[in-house]
Amino acid sequence: MTGGADTALRLASVTVRYGERTALQDVDLEVPRGQFLALAGPNGSGKTTLLRAALGFAVPGVGHLELFGDDVQTLSVVERARRVAWVPQDESPRDDVPVLDYVLYGRYAHLGWLEGEGREDRDAATRALRAVDLLDRADDGILSISGGERQRAILARALVQEAPLVLLDEPTSHLDIAYQIDFLTRVQDLSRERGVTVVAALHDLNLAARYADRIVVLSRGRRVADGAPTAVLSEELLARVWGVVADLRRDPRTGAPYLLPHHLVAAGAAVPGAFLGRGPVHVVAGGGSGAPYLRALTEAGYRVTAGALHLLDSDLEAAEGLGALTAVEVPFAPLGEEVRSKLRTLLDAATAVVVAPFPVGPSNLPNLEEAARCLGRIPILLVRRPAGVEWDFTGGQAHALEERLRLGGAREISDVGEMLAALAPSSGSPPS
Amino acid sequence: MHLPGASAAPRASRLRGSVVWLAVILIVGAGATAVAAAAYYESRSNCAAGTIKVTDDLGRQDCIPANPQRVVVLGPSIMDSMYRLGLRNLVVGVDCYAPDLGGLSDDYSADQIALWNLSSSMCVQTGPTFDVETLIALDPQVVLAATIVSVADVEQISQTYHIPVVMIQPSTLEGVVADEELLGEVFNVPSAAGTLITTLEATLTEAQDLQSRLAANETAFPSVIVTYSTDSDGYWTFGPGTFGDSLIRLASGTSISSNASLPYPELSGEQVLASNPAYLVYGTGFGLNESSFTSAPFWSQLSATQDGNAVGMDSNYFTEPDPTMVLIGLPQLIGILHPGASL
Amino acid sequence: MGDPSATGNHRTRSIRRRSWVLIVLLTLLGLGVFFSPLLGTVQIPAVTVLRILLFRASGGALFPDPCAGAAVPASGCAGLIEIVWDARLSEIMLAVVVGAALGISGGTLQGVFRNPLADPFLLGLSSGGTLGTAVVVVFRVGVGEQNLLLPLFAFVGAIATGAVILAAARSRFGSVETLLLTGVALSSFLSAVLSLLLLYSPSGSLQVDFWLLGNLGSLDWSQDGIAFGVVLIAGALLATYGRELNLLQLGSDVAQSLGVDARRVRVRLILLASIATAAAVAFTGIIGFVGLVSPHVVRRVAGNDYRVVLPGAALVGAGFLLAARDLSLAVFPGTLLPIGIFTSFAGAPFFAYLLFRRRQVSTMGGA
């Protein structure tokens, strides 16, 4: 990437501070012309600050921003207006200005001192109003139209600015669902058909995934993820950045990923993201047996995954409460293909497996089968079962699988303490 | 799509900004120049034939026609001088608040109106300013103005409508005498002025003689308070630098407010009671009489009121710097403070 | 569906309507100027007034004996001519210039501060101007030229106050709130200094009180010319900022994103409005309500487009002040009361009327 006029927006090591608070920390970003980029992140992550810095409102303490190759701070206010247009989060006009006049405000940067609005300006306004389907409301007052229409009018105003870069700050947060889809579709068309570069701060990840070419995720002022929606969106990201446990699905029509949020990571759980850089440890459990191990691992700084667990299992609640990614199956059903596949994914990513003393039945027997597949690749820790407790409901198959694990090199442990000791690097387990 | 470079719009806006600052500088500069030019021009110009150059009490110079026959007087103090100099018939206009709102009686007492034969048709409406149209209609040849008038306004009259103005604003009792000489010069009545001046100076000398005699006998000057208005907070009186104070001093009295920090201070009831002056003079006229003052704090506890030494005097005698103040006010005050002293 | 000509028609209609409003206002003002010389403290028959006007305007060609048939005072026909031509016309011109200055300044400040209750004296210019006046009066500065020095000091005092505000506006803290607070603080301080000064000079106090009421007087034609010139330049420049003011109503950030350098424009507007206001009150003292009410009158008729509100407010302000003068003379013949009293009499109830008649979705609605 050259960083010249082909790059609509470029941030170079940008740090922005408001007093004591750092809103953006050492952010690098390059947005090529014509791209539709969605900025995502929780409240306070710096999305609005980034947009304001691009507009010249926030001056970076460190680093600089460029619009089409020129430093934002060196451009005059009018020059900036000709390069970048802004659709703010909420604009509450005070006067009942006619929609047409409101849209024509966007022509300011193209008019001379005493110049009135001419044919060219009126034509631009007409085109813009037609593009947002508001031409029949041109004479109505801006306060008399609906919120959705007003947002479209503001978009039209941004259009008549004829700026090659358009920044939108949560443009759909006050719109109902129909208007959200309508608005973002139009914005997408703008990007695809006119080559306008769009950078939109969107809090709705699913909308971002559906319409944007690229998603950049900010967390506490830093860029933590950047790429195509399919590459960026993951359950792990949502748990780590937003503190929400969700399921990732794929939209059958568009192929775009979408997230189904379930609940929050429990308060008091170790903060997702505060991981000590060790790879995830997968816990195979059920019936409440895995909870102490999950907790201990999390507190010791490990990322944990769990599965496969059935809904209503208390271990599932524990796992999700700790922000662990889990393979989940419907209650009492045998593990389906999709769940097994997910379980395999989790195991492939794991650096160790802990098998808790869970009651094994036909529906969760495959957990042991998949665990056995990890033999030799990563350490497997097998918790000794308490004597005298009935645990094998599979007619001996579970016993056999656990024997296979033991013979294959799985280590036996009795409790949490031994587990942590066994996992510690000095104990000679393979590096994470 | 081509990229916008530096465009015409910013240049025009910068130009517009410079024009603005330039405008400010030009305005102030022009104003200052105008003032300087006017002052310079005026100080150099000579008076036309048939007019004489007169310097008034504020140091202003104006060209007055010789023997003016139509005069507008702004201020009862000046009217007093004009009357005593026998020039009443030259006066065609006097100051008063709007004829419909108070009129003559706001500035002139009933006695003065009667004595000087004033009527509201002579009114040139005033507050600190006056009505230009009426002034023009009266066709005055000179305007005599006292302290109550805005200096800027009279100078406006003088320069715009070419009606010369003489400010008669004495600041001391000696100044009152000097003004009679000035008026004698303006109206060409040297003998009348001379007579009046002699009388004034005689009275002043007699007062000074009395003072010397009292000093020689080591008689203390009686303490006195002269109050022109009272309210629930205290007594309004004359402080240092005022005519009231000068009059008291010349009458061989000691004003209890002569060390005040303001020219027209209000002394609290406590202060007056503490000073307990031997004499109290209250200002009458314009609707005020003794009953207007008796509700002042500690009024009945003052020894002046208990001893029967609370006396009323026309307040004009203390506020209007004119011959009446010297010829009538001063002797009356001496009479109060020094009963039995021959003057 | 809609084609460019549809919006073109709208634009033309809107422009035409704006022009009509201004033309009507200008006509009304013209009528006012025409009839005002008929009124004055000295009663002169209307016919005589007209003859005098034509006599002087034609350089003596028309109506060589303008006072024929009219009662003539001591100063003769020359006196009547001087009254009508020099005194009255000068006063009328002053009323027009000052009213226009106050109107356009009030409209500008209402736009800059996005506050419908702003008036030209919001930033404390009145305190500065009054203090300047008081200094001249109390210290007897420049006796002999006080008729020129007083307006100059008043102007400088007002502008100096404005300059302090402007310094605040150009600094990092140039938000609207800072400007208002600075104005309030400055105003209080200057008022205190003024009170202290006047304690030592009761006659000065009397004059300053009178100045604070606002007075129309007649001036030298050269002084009128200066006032006219200053107000014309400042006013004309202000009128060119209509579009920027429209955009500023959307908020500083939005305006900036559209290309308006909000802070710089605000500074210029405040400067120009201060100049116009200071020049106006230098000669007349503080006249209230004109600057506050005039922009609202225009908004009622023509909406909140500042390209119309500013010139319109100038015309309305001029007419308002002139009407106040005429009303004062009609109700209290033979007297010229301080004009500020009359503008308040007329302005207060009118403003109340405007407030009560505001529509729901209206101009300048909300805080």
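Letters are used for the chains, namely A, B and C, taken in the order the chains are written, and counting of residues starts over at 1 for each.
By definition in this document, contacts are C-beta pairs under 8 Å (C-beta built on N, C-alpha and C of every residue); 3 or more make two chains touch, one makes a residue touch a chain.
This structure is a prediction, so every number in the text was calculated from the model and none was measured.
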Taking each chain's centre as the mean of its Cα atoms, which chain lies farthest from chain C? A
Report the chain closest to the protein's overall CA mean, measuring from each chain's own CA mean. C
In whole angstrom, how far does the Cα centroid of chain B sit from the Cα centroid of chain C? 34
Between chain A and chain C, tell me the centre distance in angstrom, where each centre is the average of that chain's C-alpha atoms. 59
Can you compute the centre-to-centre distance for chain A and chain B, using the mean CA position of each chain? Integer Å is fine. 85
Could you list the positions in chain C whose residues touch two or more of the other chains? 240, 259, 261
Shared-interface residues of chain A (touching two or more other chains) are 76, 78, 82, 109, 111, 113
Mark out which residues of chain B touch at least two other chains, giving numbers and ranges. 9, 13, 16
Complex contact set, residues of chain C against chain A: 1-4, 6-8, 10-11, 14-15, 114, 240, 243, 246-247, 249-251, 253-254, 256-261, 303-305, 361-366
In the complex, chain A touches chain C at residues 55-57, 76-78, 80-82, 84-86, 88, 91, 93-98, 100-101, 105-106, 108-109, 111, 113-114, 116-117, 119, 122-123, 125-126, 129-130, 135-136, 138-139, 141, 143-144, 157, 161
Complex contact set, residues of chain C against chain B: 40-42, 73-76, 79-80, 82-83, 86-88, 136-137, 140, 142-152, 155-156, 159, 199-203, 206-207, 210, 215, 217-220, 222, 226, 230, 233-234, 237, 240, 259, 261, 264, 268, 271-272, 275, 279, 332, 334-338
Given the complex with chain C, which residues does chain B contribute to the contact? 9, 13, 16-17, 19-21, 23-24, 27-28, 30-32, 34-35, 38-39, 42, 58-61, 70, 92, 98-101, 125, 127-129, 131-134, 136-139, 147-148, 150-153, 155-156, 159-161, 262-264
